[in-house]
Structure formats: C-alpha cells, structure tokens
Amino acid sequence: MASYIGERVRRNEDARLLTGRALFVDDVQLPGMAHVAFLRSDHAHGRLRGVDVEDARRYPGVIAVFTAADLGDFWQPGPLLVPPPPVPGLEFHARTQVPLARDKVRHVGEPIAMVVAESRYVAEDALALIAVDVEPLGAVGDLEAALLPDAPKVHDELASNLAARVRQQKGDYDRARADADLVVSRRFVYDRGASAAIENRAVAAAWDPKSEELTIWDTTQAPIPIRNGLARLLGLLESQVNVIAPFVGGGFGPKIMMFYPEEVLVPWAARRLGRPLKWTEDRHENFGATTQERSQVHDAEIALTREGRILGVRDVFLHDNGAYNAYGLTVPINSQCTLLGMYRVPNYESEFKAVFTTRTQVTPVRGAGRQHGVFVMERLLDLAARELGIDRLELRRRNLLSPDEFPHNHEIIFQDFAPLTYDSGDYLPAFDEAAALIGYDRFYREEQPRLRAEGRRVGLGIVGYVEGTGIGPYEGARVTVEPSGLVRVATGVGTQGQGHFTAFAQLVADALGVDVEQVRVVTGDTREFHWGTGTFASRGAVVAGTACRSAALAVRDKVVALAARLLDAAPETIELEGGRARGRGRDDASLSLGELAARANPLRGAVTPGMEPGLEATAYFGPDRGNTANGVHAMIVEVDPETADVKILRYVVVHDCGRLINPLIVEGQIQGGVAHGIGNAFYEQLHYNEDGQLLNASLMDYLLPVATDVPDVEMAHRETPSPFNPSGLKGVGEAGCIATGALFAQAVEDALGHAVEIRGIPLSPDRLFHLMREARA
Amino acid sequence: MSDRVTVRARVNGVEYERSVEPRLLLSDFLRQDLGLTGTHVGCEHGVCGACTVLVEGEPVRSCLMFAVQADGARLTTAEGLTPGNGAPLHPLQAAFRDAHALQCGFCTPGILMSMAALLDAPSPLSDEDIRATLAGHLCRCTGYANIVRAVRKAHGQLHR
Amino acid sequence: MKVTGTFLFRGPREAVWDLLQDPAVLAKAMPGAERLERTEGDRFEGSMKVSLGPVTAARFTLVVELADKAAPERFAMRIDSQGPLGFTRGKALVELTPVDEGTMMSYSSDLQIGGRIAAVGQRVIDMAARMMTEKGLESLQKELDARLAGGSRA
Amino acid sequence: MKPAPFVYFRPASLDEALAHLAEVEGAKVLAGGQSLVPAMNFRIAQPAALVDINRVAGLSSIEARADGGLRIGGLVRHRALETSAEVARHAPLVAEAMPLVAHPPIRTRGTLGGSLAHADPAAELPAVMLALDATFTAVNRMRARTIAAADFFLGLYATALEPDEILTDIAIPPLPRGAGWAIDEFARRHGDYALAGAAAILVTDDRGTCTAARIGLMSAHDRPVLAAQAAARLVGHRLSPEALADAADTAAAVDADPSGDIHASADYRRHLVGVMVRRVLARAAARASGARP
C-alpha cells in the first residue's frame, strides 16, 4: 500500500491561507465589540505613585478604564509555568508577571492601565489623557553589575537580583584541567533578540450570559492550558470556557507564554462589561510586551590533550531573565545541556546564575538558549584547533560520539527533568556529508587561495549541533471516521504554520488507507479536544503526531472488525485502501469507510456487546524522555573589507530529525530556521541603553532579514530513527537557527585570515569594522 | 471627534460606500468596515508589507494610506485574486502551494499582491529581481527561498 | 544620553550669568518651550511643544530647577519633562569662565529619554540633541546681544 | 498605533490647497505620506489638519525642456521617476537612484516633492538633487520663488520651505557634455536608509580634466549636504585613482560630520562616507571618460 509518510505532500491548509479566508484572531468581529488599548510604562524601573484615569474615563467613546486598584482579588501574579528541575543544590526565586503594575514598574512596556472604548482609535486617544506619577529607580541591565551589592533591586523583597543559581557537573573538571596539554578560556557574549512573528499577539473574548460561556480567541500556542487557567481564575467550569487558537501568524515561542496580562484582563473585562472585547497588540507594544530572546555572558574554557581529545569543559554564565521568570529555568538549562553537542566530553562543570533585570521577560524563543551553548562550544573548539595546529574539522571528527555510544547519558538534568540522554545519532557521516557538499577540501585547496589572490575575503564555517526535541509531558488526539467518508482529527496543540493540518493528516491517512485530503485536522480549539499542553520545543509532530497515529490505528482496528463482520471475512484478511475496506482477494465485496461509519452508529437495532458506537478513538502519547535531532551546517561567506559587510555565498545543511513525515515541510522549517538564525547572528539585536530604554522598538530599526539577505539553503537529510516512538520521529522546528551564530563567527574569522577573534553575537558591520580596526592597530 | 467623510471604492469588483473618520487607515477600512480580513496588519509603519494591496493595479501599503484617499479608487486584495469560494486558485496562489511558499500564512496576502503586480509585466524576471521586490516584505517562517521558486514558476506559467 | 560642549558668549561673565537665571530667557533658549514661570525660588514650571520634521505638536510639561549655584561661575540645572510621548529627565552642569573674547561656557548634560521618542527616534536623536543645543545657545547669544546693546543705549 | 484625529482637506486646485495651508492653524501637506503616516501612526506626529494634495491638478508631470533639462512636478511619484523614459534620458542619475529608494509599494505612493520637503539626511533624492544642482519652486498664496537645492536643506528635517508653501516644481539642468554620474549607498538591508551614501556628477573636458564636480552625501551630516571640499579638490585635475581617493578622504574627513546611531557609530559612518564617495567617483569618472568624444 502506498504510504504518505516521507512524501512531499502539499499542504491541506494552504488554500484557505492563500485566498484570505483563514481566520486569525484579529479577524474576529462580533456585534457590539469594543476595543482595548493599554497604557504601558515608559520607565524601565520606578515606583508607581499614582495613576489618574479620570480624564480618560470622561473621553467620548470610552467605556471603561481599569487600573490595578480596580481589579480587586482578580489581581494576582501569573503562575510559575515551569518549576525548576530537580538539580541538587539549586537556588531559585520565582517572580511572575502581574496583570497591571501596582506598586512598581519593572520594564518599559509593562501595562499600567487598560482602556476599553468603541474603537481602538478612541482607546488610544484616551491613553494620552492618563497621568502616571512614577518615581524613577535605577535601571538594571548589565548582568554583572546587577549582582553587585549596591545594584537597584528589581524585586524589593529579594536579597538581590539573583533569580537562580544552578550548578551541574559530571566527572571532575579540575582533574581534567590538570591533565590537559592545552586549556583555552574566553568570555563570550550573546545579546537579546525579538521573536518578531509577523502577526502580533491578540485576544478577543465574548461572554454569553444565556449559555454562561466565555469564548476566547487567542494567538496562543497552548489553548488548553489557557482554558484551564482562565477557568480557575474566573471561578468557572472548564466546560464554560472555550479557547480557540485559530490560524496563528507565527509563534516561535513567546506565544506559549502564559498568562500574558492581556490574556487574563480581556476575558475578565468582557465578562464584567457584558460586551465582546478585542485587543490586538501593535508592533510598538510587541517590542515591550511580548517576551524576548535571551542575553547571556559565558566565561568558558576547554581542556584538551595535544592530540585534540577533549578532556573537559567548564562554563560559568549569567543569564538575563528579564523582570520576571514565569518560564523557570528552561532557557539557561537548554544552554547548559546543548553546549555538549555532538561531542564526547568526559568532564563537564557548568554553573549559571539567572538574573532579574529591568527588561522585558525572557522565555523560550526558537532555539531557546540552545544556540548559546553551541556558540560557546564551537568557538572553544575553533580556538583550540588553531592553538593545537589541527584542522578544525579534524578536531571535531576526533571528538564525535560514535553510533555505539547511544543511548548516551550525559549525567546532567535536561529541561524536561529527565537525565540528558541522546536517543540515537550518527554524527561522523553527517559531518563528512556536509564537508563534501560545501567542498571543504577544494575550498581550501583552490577557491580561497584563488579569491584571496584577487583581493577577495572569503571564508568557510562548519558547525554541528544536537537539539533536544519532542519532550513530554503528553499530547492526545481523537480520530473519527464520519459517514461522509471524511476523517476528522482533533488534537489539543495549536498550530502556527508548521503544517500540522497536513503532517497529522498524512499519519492518519496512512493508518486508515484514505486520501490525505479526506483527512480534516482541527487544532487549537478546546471545544474539540479537552486534554493537551501545547506546541513548543519542536515537539508537535513527535508527540501529537504519535498520538494521532495511535488513535488512527485504534480506529483502524474498529474498521477492520466491523468490515470483517459485515463482509463475512476474517479480520486479518481485511485491507484498507482508497477509502474502502475489502477482504483480500475479494474485489467484488467492499465497503467504503463512510458506509462503515454509518453502520457503526445504527439508528435501530443494537451495538454488539463489547463494541462502541461509531468509528472513533482517542489516544495519548507521553514520552518519558525527549529525542535528539542533530545537524551540521556549513557556510561560505565573503566579507567586504571596506564596508565590513558580510555576504553569504553558500549555505549547506545536513540534517537528521529521525524519520521524515513530509520533506517539503521539514525543508521549509529548516530554511526558515536558518533565516531566523541569520537574523540572530548578523541583523537582529534589541538595543537597550543603560537606562533600560529599548532604542529600536520598531521594524525600521529592529532588522529582520529580508529576501536579499537569506540564501537558498542546500539540504541533505539523514535519518537515524528515534527508538522512543513508533514512527522514529524526532522534531525539527528549531533546528535551523541553532548553529548560525557559531557558523558566522567561524566563517567570518576565516575570511579575514583570523585577524579578528569573534566572541560576541550578534555581529554587525559596525561591530566587525571596529574589530578589524582594533586588529590593525 | 472629527467629521466623517464618505468613501466609495470598488474593491475586488464590488462597489462599497461607507462613512468613516478621515483618520481611518485603509487597512482598517478593508478589514473592519468591509470585513475583508484577508489583508493583514503586521506593523502599521510600512515595513513588514503584510498589508500590501493593489490600488489602481499598483501595490501600496494600506497602513500608510487613509481610507478617504482611496475614495473613487479600484482596489484588489488577496480575496480578489480568485473569483470566489471553491474557484480554482490563481496561478500565483497555486504556485505558492506547490512550492510550499507559505507557513503561517500571515505575511502571504501582502506578498501575493506585490508579486501579482510584479508578474503583470511579461518581461523576463530574474531571481534577483524577485528577491529585490520581495525584500519589501518580511516573512519570519519561510526564509524566502520557496517564495522565489513559486514566483518564478508562476511567471513561467503566466507568460508562456 | 550625554551632551557636552563649549560655547563662547560674546559678553562678560556677569551678564551671561544674569541671562541664564532669567526664566523668560531660558524659555527662549529651549527650542519649543512655550512658557516657563518661576514657581518658587529656583524652580520653574512650564510647558514645551517639540516640533522636529515629522514630529509635531508633542506637548510636554517642563520643570527646571537650578541648584548648586556659585555665582557667577557655575550652576546645575535639573530638568524634568513629561508628556504622552514619553519623558526627558536629567541634569546639566554649566560652568562659565571669563576669556579674552568673552565668556566660555562649558556644559555637560546627562539626560534620560524614555517613551516613544526613545523607542523610534534613535536614528536622529543624537542629531536632534546637537541641533537643539546649538539653536538654544545661538538664541541665548542673540538675547545677550540685545541686552548688551540695550544696556549701552541706556 | 492609530493616528490621532485631524481635520481633512482635499483641495482640487493649488490655489485651494494654498488657501488651506495659509488659513488653517497647524495644517500640514499630505503628499505621498510614506514618512508622515508612519509618524502619525506612532502618534509622534499629530498634525491638527492635513491638506491632501494628491488630487491637485498640474503637479504630476515630467517635462523635457528645450535645453535638455527636466521639469518635474512636486507630486510626481517615485514609481513614475523610476519608469519614465524622459528621466532615464535626461537625468540618468535619478533613474539609477530610484531602485535604492525603499520598496515598490512605497515608491507607488511616495513623491519627489514630499521626499525633498521631508529632507531626511539619509534619503537618496535630496543628495541626488544636490548633485544635479536642481532648483525648486516653492509657491504660497502670494508668490512663487525658486530655491537652489544647495540653499534648501537647512538642518535636521529643516528646509527653506515655509509652512504655507508647497513645493510645486523641480528643475533639473541638462547634463553637460562629458558628464559622468553615479550613486551608491551602503544600507543594512535592501531598501533601508543608507548608513552612508553618495551621488555624484563629474564633468570633464576633452582632455579629461575635471571641470565640475558635485557630490551629494547621504547620512553624512544632520542634513543632506554637498561634499564641497571634496569636489573642489577634483576640479582642474585629471581623474586619476589617486585624485579620486584624495577627494573621498576629504569628503569623509572634512565634508562629513556624521552622528552615530545603533546601526553605525559616527566613526564607522565617516569611514563609510569615504568608501562610498570613492566608489561613486570611480564609476562617475568612468562614465565621464566614456562620454567624451
């Protein structure tokens, strides 16, 4: 039987998106709908002495204005989404965001007051009439200064700005260091970025007093947890709260955060005012109100033998939480764990301190801190290779884990609370394939010398990484064959462009022998599926996909049993193909799945004891640990020595995400991830000044890469199936962006003949110009 | 509040007349007053390109025009590329699907409108030409390569 | 944001000092200041309307306080201005030294700028600060010229 | 990000537009709106009234003059400049500049007069008009006057235009025989404002000696400026690579007075001015020598 798995199936969802018929949250318009705008802090840090909203309340068209004082008991800090993992000796202080600032403001963009008006235009008029009295306090930004005794404290009741301290180790690094022939140590800095989904966040809410139901449309990646949390906050049954995440215009992590202040306030006010409300974040708000990528400062060192064998790595780093830490330690632990990469590192010591600053909260954004670990490790290897006089590709080859070392336990705890264990992998062939595709040997033998002679500065980078994906806790799915012959799949995850409508349909179509376009997937609607967590950590296809497949196989059993009975054939002879069930070798007698569905739900007679009505099944999948995807990226760049601009000439990805469901989608994820990575490495940086003001809170000045900046990525796939799930899937959502910073640094250094040493990301022409000038001096 | 003005416009072949505030952006007029939510808003300062529509056949940022300025004009939005529900996709839309040139699809309507204008001319179109025009649009999902493929393919089909 | 520099006033130090203590004059020297009135001692309150290219009609409240005065040599000035587009807050130090050609003023200010202007104006904010400082100092010189001319007539 | 309220006028004639500008307190001209409307959406611009001149007749033509120059209406769109055969023939520097100006949907709406009146120090068209030695006609209710490009840009976003005036015409003189031209800029991304850039006209005589040079700079100062000192070092000399490099150094060191921002510190920008001027002069000189009989 033909299989859809592994096929380049065109997406089921595209027609709606291409014709403007797909529903996004801001498209929701209801009779009587009013509009919400928020007054946000201009100050990075200050004591809130007063908020005067009287003039705003009187402005024509204003329906209501709320401050923290108006919220009563509803005012409470948000939940701690991810408690710290069980690492011995760990110190952790949770401080989560509040709906509206009450005593203090802690970052620019923190909401202070909420205006409800007949239009967004009027609501914004009213914002200008609100007078806020703030006693300014010192901004906290520099991570080292933040921990000094005299630093202003972001949270007054804590002893300092230390949010967490985590130390993990395996082996004995000090001994490894003593035995080493070479120790290389450096400081590395990785600055903040924005997720910058093109769709900003939005929340619409309507309370129906007759059915006593609250319906919320939300650009969330996690509709079910939002529903559960709102029901609890509002004192409603979960069945009274419907959360719908329709088409979502890009997630990349921050749309998994909960609860954003707007997410609790809009539903609350809709119920209180008895009017449907909508708030749509504008781009300026997005730069202060939506959670951001991370900055970290690493002091790292690597110890090696003369032959280039890694003896150990030590890394001590500071991580910028922003003002709150609802997402716990996920991001710095990702950095800590991903640093080890593809390599055999017998001794590892890693300690980080997470720091409260007066900046927007940091939560996972595509890559979620993994790129920092990769940057540190790959930079250390590059530096060590130079000092040892070993080719940097060869140095990596000498330290790669070999296939017989899997599953490989790194003896430290990963973000999913399980020991960091790699499920499977085969790294050497991946490196070799990437080197062959980029033409590593020929580049150094012919191209680089030839172009250098012409005065052109070209350089090559090659970097490997692993990515922990597909973590639990669980997802579920319900598969139903309807009498029309259409197959309906409902799952709890939301979708933000990853192609779930198609990938899940492929898994189900294969199990049931139907055309993939006959499978209709519903995601992100709590009315459709009750249990689930969300789309994050490159886990949608692995966890929800596996649940879809299990449910479909359970339905298949029901189809087979019913068909066998009706066709008077042995169940083991029933074949499903082309939407029909038939006995093997009995082409004359067959039944369509639609007919079977109708027969499984009879209007008269009885359902046989032991059977359930309908052709439907629900299944769940909860992996006890995640998977490990991997990849090798290689790139050739040219640096203009006059302008310090960097142009990417070629970009190669050899990628292994286990079994591929749909190469078209996987390649799209990688190409897009690489673009995101290029942004991180060379274009995007949130520029905060020492007063905590974000200086580029617009898309004019926050530079997302455009079509002329991103090359067509050349890709090759390798498949080492995961043993942790029946389809051998791993996960791909974040892979493209993890290696890029390290890759840029290596390639640019190579292009400039190693005249400069790059220890910080993002790079920019300005930064490179100054590095080059310092090198000349 | 300022006085209202009347706007009459022909959008996707349909005549509309609405009374609006002069400050109403064309993007909001299309989405809210006409219910044509296929045009998306991503930045409201003219950078992201999601709100691009055709006015008299030329691409414009609908967030940088007031609705009143479109009075009397002929407009086309993403909804107008195909005649109606169930109709076959426009060759450009079909090429986007074939090449997987969209992921979340939020930026897509604006890109379609710019590219539709670019494809109007039968002159040869290099990848550099496509990328230069596409550079006026931000897409966070696709990394652009498949969009270039799709436009190249559609150009080949439309100007065979 | 830090703005530092020097400016040569063509006039004696005492005259420059007097000039700088007069709220009406200070108002003229701050581009966009609509009014500035003494509310008590060395505290002045008023409002300003900033207009710069596309930026129009942005109205701010303005409080200026003079401190650490050592006439006619130096003083400090605290500035606090707020409006719907954000705030400017900070301190400026002014020193006057007699020189052959007149009075050399050296100034150094450290200003915090917050809100929309800071968030979207980064490309031009340094240029704007430089330009507004220059404009202000030139108008002070004009005022000084007028005073000195008036004085000589008297 | 929605604009504040304003009173809207849509005059059909220049006289009507000028009357509104003269009579309505706080009125601003709305031409292409591609800089003004974003500022209004951020609410950093809140004009009390807008005088929308998009339907004013007579401001949208491009005419070749008998002497080989061009007369361009203030309301001519960037897109029209980009596609006009007259512009390509008579003002090839303008044609070469247009693809650098933002993106096609912006060029559909943006106007030449609007770009000049906005006077962004990083923009291409003011620098181009300086290099071309263009003359602008400004009209108010009482009179029309002409202003040379070199006298028009007074400071950051400040021009010689009075609040009651509209820029109606831009006159570009004919390109002399033996003239070469070029424009180049360095921007972070395609279509962005330049971190630095230059537009130049070089004129040479039959022996290859430079008889005139005009170099407009972008992002080199708080206003669009001519690199007058750099140009002075070229006139009277043959355009050798050394002479061009010397002029470029002068432009960077003397003519430029850049500020820093997050994308380019002042010293980097100054350096880039030198690089861009040298590149532009090299191309202009090559064209000039090709144009010689």
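Note that the chains take the letters A, B, C and D in the order they are written out, and that residue 1 is the start of every chain.
Here is the rule we use: a contact is a pair of C-beta atoms (placed from the backbone, for glycine too) under 8 Å apart; a residue touches a chain by one contact, two chains touch by 3 or more.
It should be emphasised that the depicted structure is a prediction, and the values quoted were computed from it without experimental measurement.
Touch-path distance (fewest steps) from chain B to chain D is 1. Comparing chain pairs A-C and A-B by the number of C-beta pairs in contact, the larger count belongs to A-B. Separating the centre of chain B from that of chain C, both taken as means of CA atoms, is a distance of 49 Å. Distance between chain centres (mean CA atoms), chain A to chain B: 29 Å.
The mean-CA centres of chain A and chain D are about 44 angstrom from one another, to the nearest whole unit.
Multi-chain contact residues of chain B (touching two or more other chains): 1, 21, 23, 44-45, 131-132, 135-136. With touch defined as above, residues shared between interfaces to two or more other chains in chain D number as follows: 1-5, 42-43, 189-191, 262-263.
Shown for chain A are the residues in touch with two or more other chains, namely 121, 128, 282-284, 687, 695-696, 698, 700-701, 706-708.
Interface note: chains touch in the pairs A-B, A-C, A-D, B-D, C-D. The touching residues of chain D, counted against chain A in their complex, run 1-5, 42-43, 186, 188-192, 195, 262-265, 268, 271-272, 275.
Only residues 26, 28, 35-36, 39, 42-48, 118-122, 155-158, 193, 222, 259-263 of chain D touch chain C when the two sit together in their complex. Residues of chain C touching chain D in their complex: 52-58, 84-85, 116-117, 120-128, 130-131. Listed in rising order, the residues of chain A touching chain D in the complex are 120-121, 124-125, 128, 282-284, 642-645, 683, 685, 687, 695-696, 698, 701, 703, 705-709, 764-766, 769-770. For chain D in complex with chain B, the residues that touch the partner chain are 1-8, 10, 33-34, 37-38, 40-42, 50, 52, 54, 79, 99, 102-106, 108-109, 189-191.
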